[in-house]
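Please read through the structure below; I'll follow up with questions.
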């Protein structure tokens, strides 16, 4: 059983500058920020280290931070350019009963995060969902397709804050 | 061989046990009812079709704002001085003409969130649950008691008053439009 | 001479009697043997997460009802505890007790459906009807309390929509007395039936380390033998006050982690839920269920992840607040969504008929998979 | 029956037609009644009411359904093999209907008094397999195909234990004629084959347990032959939607249904004849005791139908109690359990009948 600060120290000594920082401001749990291209390695360490044993990924969630520059377009939607998309990893150890939250941020225009498929298999569909909803590309994911939306949905990524519903999908009217 | 005989015995025995259970139920009375002929007594808190008692409605728009699916549409016009709109049953004075009070019951999700904020308890859920219709447009329930002409008249009255006021004070007050939430569907 | 054979792709669903909703399974079969299973989901996608971003916090509650529509109380519970954690408010004792009782009743109701449909998938239609009869009783209890039978919108942030009905305590006690014999009857009729055992034992074996790696939770994980229950692990509400056990799969008739174990864990869990209700029902303190409901719900900036034990497993809500009236992001960790991922792993090497048994034992609800 | 009608009418063709009409009427009326009974039995076992609106306790419900089925549009899938698709239900129905030709409903009412009745029934009921295979193949649907393959494997396998038990009964009675087997078990239920038949002495008591085992085996295997739960895997509505008749609709589907219920009664009748005395009354005839000989065939008819329906009821009872087996387990039950037991049973009965 370790608290997030101890885990942060442990990670910092192991990976140095891959670990970007710890955010203790949030009211509930501290968040450790990690380099998006190294998350798989960090995950593997978290899972296999005997003192940590984070064997379970509770949830992987994509988030549109909406922190870029906003420009109103003609119908009033904020079009966002720049800024980041984030992925949150909530980890849990069924053995040692501690929890930790990781966060990676990736630029909105070219969102690329390394997949943790090889660490926690459960991330398979979660990553597909994050791809489907935010367009975050998970590198090394074996089967990165859309999951909830139709496979041939071309109107973008629905959970981004500047998403606009298309008028038609294959000749069917979308807004009812 | 022992396992083989045990399997045979288990198979026959558990089948017989199961048959005993179902045979017992052959003679227990049915729990289902002949629905349209016999009806279940609904509990008093039951949540079904919405109803608005327009005598009590003060047009405050709180139900419409509480609705998560935006199925309530309200438009109001301010009354002009001298018009008596009456008071609600719990003693609130009405000040707005409700020119439009539409509930699209086909959209309603029966969550009852509109019922709680109502200051006069005029919107509530009844126990009517059989209200199927052949036309979708029939689900748009119009509760406003004013006819269209009356509503138009009220609007003209109010605008006239505004114009008079504006003329008097040269500072017109903007009309409060009905507030409805815009949500992506 | 070798005969030319080819694998056949069998499209099971989206319209199929036992895919529990609009799930499509793409089966690669050779004769009756399964070579691979690919689930395709999204037919019931209703944009819950997008909707939630446009709603105020209390308005999201009716939408959470519709996630796992067989356990709407649990969804409400998870959402309101998460938002309460974000707001940092104290809940009256009475509310906590009523919430726990409702959640446990809902767990029984949901497990009844799970067991019943698992049985019906395998061909036993009669237990299905018996269990639905008892589920009706629970739904009537809910209807008496909040007026709705399925989609309750009952638990509110800081309180409840209605206080319990004056008859509620008496009727719940009646239900407990009435319900225990049903479990015995179920065991006689289905659980220990030789054919049922043959169909489910040693089928779809899920070893515990695979289960954890796949993030399985709830009866699926417990069926594999790991006593993991959020109610004990990470006690929320007032669960730490009650005395109950976590049933796990023991491989009573087959291997640990097979379909029968997952099924039997649910049967045993109903008994444990009854125990919790029995302990809680007499101790409901006096109080006002509306007193702690904030007038204006505007949480501070921050992120929160909180989880509850829903009948199907660990239901988590990840909420990011940017200090506005509506949440910035709501992500639901739906237990069925995660559990369904196991399908491809569990079905390999089994027969077509086993796919149904395995799917039934995972007990998925498409409402929360597709959200 | 034929002889009687021929003497009465004096026209071969007319007499032949009349003979055929009787079982047809019975099978149709029974199917209607059977479907209603199934619904009511299932409903009451599940604490439901079942059909209640058409007539007293819904007894006209199946008639109403039949009306609906007759009026339905006959849809044939584009890719279906139309010829086979259309022949299949007829063939299945013919197979089940033709079995009625030799079943003696009473000592006077039997279609054909052939000496090899039992053999004929076994042979003709295998015709159903061809029909099912045709239905499954021609519909060009993967579920249908799987269902048909399962059905073929199942029905052919389960012919074996059936045949073995029939063989042991033939060995004991020394005849293949269903009418003669019925006649042997006359006067009292003690003379039924399940109680060792109309013989005396030690061998009768030795036979009883083996006869009971034999009756159980033939009941189980015929259950499988008519595709009833727990052996309804060719239909298996939760796996294969409706198995080999997934694509059928309207009256063609209705013919499968009629054939199923016709078959149910046919196999029940065979078991009743082999083990439960056929049309013989267990307690003697009222007609004999009051001296009205004409009453006896009617009483026999009553007893026969009653025995058949009891067995049909047990089939339904089982259906609404048990889950269904998997396809490999079905084969296990047949080859590893029923056939060895049936074979041992055959040998022991043979030995006992020698002493």
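For this structure, a couple of remarks:
Chains here go by letter, A, B, C and D, matching the order in which they are written, and residues are numbered from 1 within each.
One rule holds in what follows: a contact is a pair of C-beta atoms (placed from the backbone, for glycine too) under 8 Å apart; a residue touches a chain by one contact, two chains touch by 3 or more.
Predicted model, so just to flag it, every value in this text is computed and none were measured.
Pairs B-D and A-C differ in how many C-beta pairs touch across them, and the larger number is found at A-C.
Taking the mean of C-alpha positions as each chain's centre, the chain lying farthest from the centre of chain B is D. With centres taken as mean Cα positions, chain D sits 63 Å from chain A. Annotation: 57 Å between the Cα-based centres of chain B and chain D. Taking each chain's centre as the average of its CA atoms, chain A and chain C sit 26 Å apart. Computed from the mean C-alpha positions, the centre of chain A lies at a distance of 40 Å from the centre of chain B. Counting only residues that touch two or more partner chains, chain B has 7, 11, 15, 18, 21-22, 25, 31, 184.
Shared contact sites, meaning residues of chain C that touch two or more other chains, fall at 50, 126, 130, 133, 189-190, 193, 195. Within chain A, no positions touching two or more other chains are listed. By the touch criterion stated above, chain C contacts chain D in their complex at residues 8, 10-11, 16-18, 32, 119-126, 129-130, 133, 189-190, 193, 195-196, 198-199, 351-356. Per the touch definition, chain A reaches chain C in the complex via residues 25-29, 31, 55-59, 61-64, 66, 88, 90, 94, 97, 101, 120-122, 124-126, 133, 146-150, 158-159, 163. Those residues of chain D that touch chain B in the shared complex are 41, 43-49, 52, 216, 317-318, 320-322, 336-337, 341. Those residues of chain D that touch chain C in the complex are listed here as 42, 45-48, 142-143, 146, 229-230, 232-233, 236-241, 320-329. Partner chain A is touched in their complex by these residues of chain C: 41-42, 45, 47, 49-50, 85-86, 88, 209-210, 212-216, 226, 228, 233, 300, 302-307, 314, 316, 318, 320, 328-329, 331, 333, 337-338, 340-341, 370-371.
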